[in-house]
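Next come the structures, one after another.
Below are two complexes that have chain A in common, paired first with chain B and then with chain C.
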Partner chain A sequence: MSPVIYYFLSFTAINILMCWAFYLPYRVGQLHHLVVSCMMASAYFSGYAARQWSWPFALTLLVGTAIGMLICLLPSFAIGDAPCFTVVIVGLTVLFIMKTAIENTRALGGTLGFFGIPQVNNLLLLAYLCLAVAGLLIYRIDNSRLGRAASMVFVDRDAASALGVDVKRLGMLFQIIAGGLAGLAGSLYAFLIGSLFPEFFNLGVIGTLMCMLFAGGHSTMWGVVISVPVFEGLHLILPTAVASWLQVIYAVTLIVVILVLPGGLITKKMLVKVGERFRARPQTVSIKGGIKE
Partner chain B sequence: MEIFVAQLLNGLSLGSIYVLLVLGFNLMLVVAKIIQFAYPHLVVLSMYVCWGMLKYTNNMFLVVLASIVSCVIVNVAIEPIFRALSKKHGLDINVSFVVSISIALLITDVMSHALNYGFPIAFPTDWVGKSVLNFGLITFSVGQAYALIGGIAAVALFFYLLYRTRQGRVFRALSENSVLASIIGIPVVKTRILSYAIAGLLGGVTAVLFARLLGSASPSLGDFVAMKVVAVSILAGLGNLKGGLVCGLLLGIAESLAMGYLPGSWSNAIAFMMILIIMLIKPEGLFGIQI
Partner chain C sequence: MRKLCKSLGSVLLAIALMMCVGGSGALGAPSSKVVVDQWEIPFLNCLTGPIASIGEYMAWSAHRAADEINQKGGVKGKPIKIVDLDTGVSPEKAIEQMAKIVNKSLVALGPVPEACIMAAMPLAVKNGLLCMIASTTYEYQSQFFPYAVAWDSGSDKTLPPVLAGWAQRNPGMKRVVQFVERWACWPGMADAHAAGLASVGVKTVEIEVPTDAVTFGPLVVRALAQKPDGFVLTCTSEKAAKIIIELEKYGWTDKSKIIVFSSADDMPLYTTGREKLNGVYIYSYLDSQMETERWVSFKEAYKRAHGGMEPVSLSTVYYDCVYMIKEALENTPVTGDPKKLKEERTMIREYIRNIQNFEGVQLTWSMKDGVPTDKGTFLFIIKDGAKQYVDYFKPWK
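For the complex of A and B:
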């Protein structure tokens, strides 16, 4: 496999994981930017553990996921049911604090970056295995009572609360799972790239992920499965001069999508219609050689 | 003690800039019901305009005018996007937040590609000015004096406009109830556009004062200031103008004190840590939400 295709497929898997990490809390109306901090912390931890302590890949992946969940767990006690803008600012604030801490820590390379993370065999396969497991988990959540409760909270938080939905616990649960997904993505990212720079984890990454989520469709988990490869593919298709303006393209796309297609490309309504078409085929009964509906 | 006084003066100058930014941000929030995350980015863009203008002319009046006009034009040009958004989604603050983040990204990327080849800009040393006060460790530069005095004057004018004029009453009526305001004959769209224009005017003035205070700017400055402005607004209580005044000043002072007593970039992290702790304890803000 050519390196271009390899990196395209690997980044697609990592970005889908990150978009799902954004998607889950947005089911209850929260833009949980804290997941980028989880990705950052997990990436640095995995890189450090693999290089300095020679930890095996599977163990760093597990601990990285746990770190992501832990980072989201602590603030979730306060912001489990907080308004969207508070959650956004908490996320951005933690990201900035974490970046400052890493930039000032010599053991993690500071502003110069952290290098020498060992390569892992079959990383692509493992990444897609992780993606499949995460996808299955989110699919199960979406089609469970939790998913239905989240849809209710998204539409009307007060009504959901009146009907007995514990909005805070639901928000906390989704935030923690999102942290785990971001932690997983962070660990995979560290092993894929082999070097880490604090500058990478900025508002641009958040904008890119939001663009992928909103363009694909924020009401279903399948939207990002289509939008992420398309946006990742832009790197490869566009000429270098245009590709350097990719952030502008993402930003304009996000604005246009929200104005023109508020639900994104794939909406829940669309999926329900497609499902009905496949499920409810007309029953046919044979009468004397002819066909009657 | 001298360090404390010096940093206190520094903090007051910085705080008055934050106050101006928070006021412009809150005006659009209460009147147009949008979270304009990109507002500080516009201010940084106006700083670039100032810098560009300074290259061609040393006329202070023209520099200030260019800064104000650019900020007003870009801010008013953004308004139709948010109007279309509110028609499509109703007054959804969260969606406006997402759109304004993308506008912020757009402005930052344009600055980092097209202006000064993405390099930070530095204003001439005489622009920042010599110190007007020297007492031991305490120095008070012309830039700091401009920021403090200009900030106080702009805030006083803003509050006069809001609480002592007919237009101010219109703004306040629209923030209280836009439906009732339109029933009694207030032109809602025109008033919203005017709020963008006034916020742009404040932004233009802030850009000049900020440029004189800092003496430099970079594309990433917008992200950095935007986080603080939105955080201060939430900390004060979204839409709470008086709360924003107090919290903006407090953040400026706290940041400057941290800068005086802590090494390097940790001072900013400490300021953010304070914001984070207060936000986690009191997510609805210290002075209550007023939207």
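For the complex of A and C:
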């Protein structure tokens, strides 16, 4: 496989994971930027464990995921049912704190960066395996009582509470799962690139992921499955002169999608309609002179 | 018969002469048939994003070198073509751009800057592609040896002599405050500054400059509370200029006791600092006042292309890189044949890693295993917005 395709597919898998990490808490109306910190912490941990302690890949992946969940667990006691803006602020603050902590930790390379993370064979295959497992989990959640409760919380938090939905516990659960997904993505990211730099995890990452999520559609997990490869592939297929305007293209796309299709390219409604069309063929009924035949 | 013998003798002589000429050619330069129409050299550069202005002048210098070489007939009769690939300061973009070239290029320029180096270089190393990451420091380059070459012999060897030299020009200086912005290799450079100052008995106190700092009054007040005899500025050019302005505002008048580090030798320093910079020291890797024909020609062309702006510290590195690649292509039997990619990459890499007496646009230096052995640093004093040469310091052994 050509390196271009390899990296395109790998980054697509990692970004879909990250978009799902954003998607899940957004089901209850929370923009959970904390997941970028989870990704960062997990990436550095995995890199360090693999290089310094020679931990096997599977173990670093598991512990990386657990670290992501743990990072989300602690603040979730306070922001499990917090409004969207509060969750955004907490996410950005923790990202800033974590970045500063890494920049000041010599063992993690400080501002210079962390080098020499060992290579993993069949990483692409493993990444897609992880993606499939994560996708299955989110699909199950979406189509369960939890998913329906989340839809209700998204529309009207008070009404959801009145119907017996524990908004805080639901928010906490989604935040923790999102942390796990981001932790998984972080571990894969570290092994894919082979080195880490604090600037890899900046506000630009949040912007790009937000763009992918909202352009693809935030009401279903399938939106990002379409939007991520499109955005990832743009700078590969566009001529250099046009690709240089990629940030502008991202921004304009996001604005246009929000204005024209507020739910994104793929919405839950759209999927329901498509599903209905495939599930039951409409009966053909001919009407003659107003009398059904 | 005699006539026949004479003409036969002439023919034989001519053949012998031709063989000699042909033979000497074969001895002087490796005989190999070039199979490419042009030597494509990809340049992974930051052409968009927050430091696109730096990327622009790096690209300009690489293209200038290629144009000069092509005007003189190219390399082995084929022109050099610099192919610009934008990294946009995005690690993902950098790695994908590297993926495009890693299986076909003989050698590459960049990536630029550090975030992209960190992301894309492991892929280059994995595939055995030499990348000229000349815009960064030894601390990064050495991580990717032998698939990168160093452009200096390490901050801990190159920088201390300059700082020691500056301190010796200011006798009585015992305590210095260093403003440090924690970005990439700058903390390491700050440590090297402190080591140089310590070697002449000057103590350094560090004050961190936050990356997102907008006002510098409180930092300057904190620095002055240390009762220092001087200041070292290890931060971006604009921040350095603003700190100097604040220092003056708080009563600091002796500018000769301020030194600015090389990475801040960029346009915002001069446009923001203006006359407040008079008397401030700065160290850099190029001497703009040098008067060699080649340098003057480069400088004038640069100024024409950049609205009269003087060449800055990093503006020449990729110019030299292209000439270094040219020398390697000329002096090795490289053909550009894709079937021989691996061995030809090795030839170029080994040639460059141990290049001897390479004539850069300013300095002449040699490399040993990818590290310059005799490349030093210039110390200047700023007068009326221009740098005036003070001294040249060779690195510590």
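By definition in this document, the second predicted complex is superposed on the first by the 277 of 293 C-alpha atoms of A that agree within 3 Å, B and C clash if a C-alpha of one lies under 4 Å from a C-alpha of the other, contacts with A are read in each partner's own complex, and residues count from 1 in each chain.
Simple rule for what comes next: a contact is a pair of C-beta atoms (placed from the backbone, for glycine too) under 8 Å apart; a residue touches a chain by one contact, two chains touch by 3 or more.
Quick caveat, the model's predicted, so the values are computed rather than measured.
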item	value
Room on chain A for both chain B and chain C (clash or fit)	clash
Which superposed partner A:F8 touches (first chain B, second chain C, both, neither)	second
Partner chain(s) touched by A:I193 [first = chain B, second = chain C, both, neither]	second
Chain B versus chain C as contact partner of A:I258, first or second or both or neither	first
Which of chain B and chain C A:L123 touches, first, second, both or neither	neither
Partner chain(s) touched by A:F115 [first = chain B, second = chain C, both, neither]	second
First, second, both or neither for A:E103, with chain B first and chain C second	both
Which of chain B and chain C A:V88 touches, first, second, both or neither	first
First (chain B), second (chain C), both or neither touched by A:T240	second
Contacts of A:G207 with chain B and chain C, given as first, second, both or neither	first
Clashing chain B stretch [against chain C; choices 114-122, 168-176 or 240-248]	114-122
Common interface residues of chain A - those touching chain B in one complex and chain C in the other	103-104, 204, 244-245, 247
Chain A residues touching chain C - in the complex, by the definition given at the top	2-4, 6-8, 11, 103-104, 110-113, 115-117, 119, 193-197, 199-200, 204, 232, 235-236, 240, 243-247
Residues on chain C engaged by chain A in the complex (per definition of touch)	47-49, 84-86, 88, 90-93, 95-96, 98-100, 102-103, 114-115, 118-119, 121-123, 126-127, 139-140, 143, 182-188
Complex contact set, residues of chain A against chain B	29, 31, 75, 78-79, 82-86, 88-90, 92-94, 96-97, 100-101, 103-104, 202-204, 206-207, 210-211, 214, 244-245, 247-248, 250-252, 254-255, 258-259, 262
Chain B residues touching chain A - in the complex, by the definition given at the top	35, 81, 84-85, 88-89, 93-95, 97-99, 101-106, 108-110, 113, 220, 223-224, 227, 230-231, 234, 238, 264-266, 268-269, 272-273, 275-276, 279-281, 283
